[in-house]
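The first chain written gets the first letter, and so on, giving A, B, C and D; residue counts start at 1 in each chain.
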Amino acid sequence: MAGNSFGELFRVTTWGESHGGAVGAVVDGCPSRLELTEQLIQRDLDRRKPGQSDITTARDEHDQVHILSGVFEGKTLGTPISLLVWNEDARSDDYLGFKDMYRPGHADYTYEQKYGIRNWQGGGRASARETIGRVAAGAVARLVLASQTKIEIVTYVRSVGDIEADIDSAKVTPRLLESNIVRCPDAKAAKKMESLIRKAKSEGDSIGGVVECIIRHVPVGLGEPVFDKLSADLAQACMSIPATKGFEIGEGFAASRMRGSEHNDPFVMKRGAVRTVTNHAGGILGGISSGEDIILRVAFKPASTIEQEQKTVSTAGKNTTMKARGRHDPCVVPRAVAVVEAMVAITLADHLLRNMTQNF
Amino acid sequence: MAGNSFGELFRVTTWGESHGGAVGAVVDGCPSRLELTEQLIQRDLDRRKPGQSDITTARDEHDQVHILSGVFEGKTLGTPISLLVWNEDARSDDYLGFKDMYRPGHADYTYEQKYGIRNWQGGGRASARETIGRVAAGAVARLVLASQTKIEIVTYVRSVGDIEADIDSAKVTPRLLESNIVRCPDAKAAKKMESLIRKAKSEGDSIGGVVECIIRHVPVGLGEPVFDKLSADLAQACMSIPATKGFEIGEGFAASRMRGSEHNDPFVMKRGAVRTVTNHAGGILGGISSGEDIILRVAFKPASTIEQEQKTVSTAGKNTTMKARGRHDPCVVPRAVAVVEAMVAITLADHLLRNMTQNF
Amino acid sequence: MAGNSFGELFRVTTWGESHGGAVGAVVDGCPSRLELTEQLIQRDLDRRKPGQSDITTARDEHDQVHILSGVFEGKTLGTPISLLVWNEDARSDDYLGFKDMYRPGHADYTYEQKYGIRNWQGGGRASARETIGRVAAGAVARLVLASQTKIEIVTYVRSVGDIEADIDSAKVTPRLLESNIVRCPDAKAAKKMESLIRKAKSEGDSIGGVVECIIRHVPVGLGEPVFDKLSADLAQACMSIPATKGFEIGEGFAASRMRGSEHNDPFVMKRGAVRTVTNHAGGILGGISSGEDIILRVAFKPASTIEQEQKTVSTAGKNTTMKARGRHDPCVVPRAVAVVEAMVAITLADHLLRNMTQNF
Amino acid sequence: MAGNSFGELFRVTTWGESHGGAVGAVVDGCPSRLELTEQLIQRDLDRRKPGQSDITTARDEHDQVHILSGVFEGKTLGTPISLLVWNEDARSDDYLGFKDMYRPGHADYTYEQKYGIRNWQGGGRASARETIGRVAAGAVARLVLASQTKIEIVTYVRSVGDIEADIDSAKVTPRLLESNIVRCPDAKAAKKMESLIRKAKSEGDSIGGVVECIIRHVPVGLGEPVFDKLSADLAQACMSIPATKGFEIGEGFAASRMRGSEHNDPFVMKRGAVRTVTNHAGGILGGISSGEDIILRVAFKPASTIEQEQKTVSTAGKNTTMKARGRHDPCVVPRAVAVVEAMVAITLADHLLRNMTQNF
């Protein structure tokens, strides 16, 4: 109810502040007898960890995951899987100066108003470190998907600032997008994005971007048709990631400018299967997966921490100014790719389980 | 779990197919002693009902609500409020021709695959009639909000096809937007939208649009900061409405093209209160309401039912063609305004109650 | 959250006060393609309805159920099933005298304190009429069980006051227990129970009793092993029935007086299956069904409405006396049998669905 | 859904097997700004830990709790509280002999059937070590109760085997019951219970018992009146504790033998407050707390681990015999007192929060 859990049957609860003991997640509802190792989870965590390149934050965190329960002799037990990553390299002094003021764009003010208290060290619970638990749980979710389906989730950077990649989504492979530090499968655009991010950084500024995700080989029938439409749950999943401001599926906002005769995807028989000629819908009809590729996009705002002087107010209610020090990402999308992918995997794993009970 | 409920503390469950006995909702968790009448609910239902003008469907449904429980001598009891609207004017014969084929853009195929059965009369559960329960429950939600806050929700049509309204959202009033049948507060654009909708209709086609919603006088502190961010729950709420393809809050996708120095809203003291100079964030920081106006937009695809011939396949797996008859909306946004507003109200009422227990 | 729903995957929400429009239930999560008719549900409702014999209340309510959604051409759609029973024969005048006082043993006082308002007509939401929705939903639950298992639930009166039946639970059949109006399979004890109930009634008094339930042919593996043990969920299910004061499973309280060497049920191979020699555990080990018969008992207090003068206080806070008029049950257990059976069926159906997703 | 969480607004999720990394709990929904330390939690854990006396198991576990999140500078943040206790002293070799057979009375067989895999070391998830998370969370729950109410929960041993204490529940104090190792406030009975437990132990056997709990100074209005009656939720809470077989509240099963004229508690004005003359109901009317003391009892079976030879079957399906070695409790009730108290506290804290939103 306090909103630290996601999913109904595959249920992920994250916990932890950025500075303090640790961060982690409890995954409840994972089916038994799946082969789960710390290495498998670590692979995903390494994609989100800081310090991967000069365009991400310079914080040096190893983010090593520990499985504390739910796995026995390399296999899931069907019991809750407790995942933990210790907090290290926590220079809380970097934040001492902001203890008594509200950083613009951050959640300092709203947390303090809501709870009457706030952990001012590194954003506390609002820190992006919270997403470590999501990414770790996402690795477990992908294991569930792999055990029952051929689902492939490919997530990449679609745009940074005004630079938009030219991408044939059908051809994007996981390898392709990992070929550059921006995680954009269009190599030419990736170069420009890199430059733009470096430029923003050198100016003490930050820049936004869009992450795109394509999900292939989705079984027909995932999604609950009213409030828990697959599209609606993916929207919540993605919009729960820090710094997100928009979500679209299929044609998204462009669909609002289209005619029905143009947007409707005609059905056609292909090799004995019901398919659609086009895929404007983005793989979901009436909230339920149709078997076509699901395509979605998530808009991220520019990171709130910038090294320019900004106007703000103190906790005592005085107008003042501030200027951030410390280590931070000038653009969050290269690392956010791993978080979007995790949230998509968790949502799909949950709906896969939910779908099992509805049609004997 | 089957996804027919929304909200945690203010919990709405809708039920009903388009043809069959009735449609309705059960509202659980409404606080006691609020003055609730059928008239209050009817006012909202009348904004969503068919047959309001020549640009909406010609179906003649009165959609009269009945309160069956939860209210005693005009006041809520704290017990579940059962709301019912009988189905009438159900010409299921209109749909007989589509019994054995999958209408493009509709959920016929995905329902049949998911459940192994489908009510082919008027879309069954996937019909927009399902939203009657939402709108009725939304009226109760607004009562909850009104009893504790000064929250004002104003919802209107932002664009139809390529025609975008020129709107100063700060000045939109409920009266203003009801001054035309499109429900767009820019009278000039509204005229053009009307023409465009009539043109699409005359061509047997449909057209999409965008609904915008501004929420004023929101108390600081609504929203749970991780998975149930106010923004994330609003995203799910809106993306659960039939025909939606995109959602954004504040600057939305435009934020992805901005610099941090541009997007960050500086805090400033105004008449003793902490406020922001600008409102790019759209009233939410870290998933929690900041007290600034919340602004969100929802993209609707063009209605799937069109009177042009379309390619499709039969339930027997043969390629075929179809052409819709019957009565339908060439553009859903003028009526969808009421549904978006209801879902926003329900989400806010739920978070208002959730927020009561977190800071003694 | 307001507690009007039960079950996670097979989810029942009841609504309705005793006087007012109607009472009903929404069943969400029922799998599709099960054959469901109003007659099937009516059969169960008739076992619970008033006026069945001279030892139950003389109220004449037909309690005819209406299916308003979720069923199409005789089969479930996988969508919510809305069930409704109109309130009739509501002599609210019978209750006028109690509008301004708190009836001892009833929930008048606690409702008024909790909600600041109360429907004083016939107990409002606290009326046993609320259980109509449970019994109707229970019929749907049994349909789910029958479609996947051979589970047989037999529920009967174990004792009334001091009179305890001598029963070989292995031999009780549904027919046997319906052979008398008390619903006790021991015909001799049933006669005595009838007399005792009539005696209490003639003295303007009421009497308590115990309902026992045996569940046969339960698949191994139902129940979630920590908080949602099958035994714990059955306890909640049964203790949520009005007038219940105790619950036990297997040996129950008698187990507290036993030695481990006596209580442990040795495992043994029987016809190739793992079984136990004895069944002191009552069919559940570690919260999970073992395949042996589940046996449980529920204690009901004497009905609170009696026709003797009782001391009480008025809503204005004055000491006073009252004496009930009206029609009421001197002993609730003969009708409660149907409610216990419904709650057991709902709990099992829910756990059957939950168990489907845990071991691929 | 997999049943490792309890509570709606004050939500406790436990995780961990008896052998393996650790056991713990995540407490979500705890209000902010409460003073919470590891010492406060440790005090409760020490009451449940093994090795307290010669009538409990000789295992030497320190069970030191670590708070990993949710607390900042000694105060709760309103974010999830992660609690961890490392597993130590795990002699999994003690269990090697039982790897290939099902111990009678234990959950070995049902886990293996449900999940297709089982952690055979010390009972895995079915071990009583799981209750460490409950007791730790219970300490947090009591903090919530103390911050808003004067609720006092006193829990003690009512009976062991046939020996029943003679107790005036109104006079039991926490100090009184801690005066002996059985935790029974009747010193004379306690001596006999001690002897009986030692006798059972010396015979390689175990013995059951009953735990009683009295809750004082409960505010009126806690409990949701239909499925989540306070009595029903307490029943689930208590029956989810390992080894429980029965639950009763107020007169419990004895109420089934009473007349209404005897059981009904007359209301009376006492010092300006509405009270009852007697308290047969045990403090709950219609599922809602009445302000009178809540009294409940929980029946525990004799511990399943005994040092006598028992018949059983092997995992390969052969009849065989077994005899337990290792360290175990001959009677669980002296330590179970802490677990019952924790579950009661969690249930009350949850309902306290739930009640805040229902009557403005």
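Keep this in mind: a contact is a pair of C-beta atoms (placed from the backbone, for glycine too) under 8 Å apart; a residue touches a chain by one contact, two chains touch by 3 or more.
On a predicted model such as this, the values are computed, not experimentally measured, just so you know.
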Chain pair with the higher count of C-beta pairs in contact (C-D, A-D): C-D
Maximum centroid distance from subunit C, chain identifier (CA atoms): A
Rounded Å distance between subunit B and subunit D, as computed from the means of their C-alpha atoms: 46
Computed distance of Cα centres, subunit D from subunit A, in Å: 39
Centroid distance [mean C-alpha coordinates] between subunit D and subunit C, Å: 26
For subunit A, residues that touch 2 or more chains besides their own: 1-2, 4-5, 8-9, 14, 29, 32-33, 78-79, 114-116, 125, 225, 354, 358-359
Residues of subunit D defined as touching subunit B within the complex: 1, 9, 29, 31-34, 78-79, 147-148, 225, 353-354, 356-360
Interfacial residue positions of subunit C with respect to subunit D in the complex: 1-6, 8-9, 14, 102, 104-107, 109-111, 113-116, 125-126, 130, 159, 161-162, 200, 205-210, 220-221, 223-229, 231-233, 235-240, 242, 244-253, 255-269, 272, 274, 276-277, 280-282, 285-290, 299-306, 308, 310-313, 317-319, 354-355, 358-359
Of all residues in subunit B, those that touch subunit C in their complex: 1-2, 4-5, 8-9, 11, 13-17, 20-24, 26, 28-29, 32-33, 66-72, 75-82, 84, 114-119, 124-125
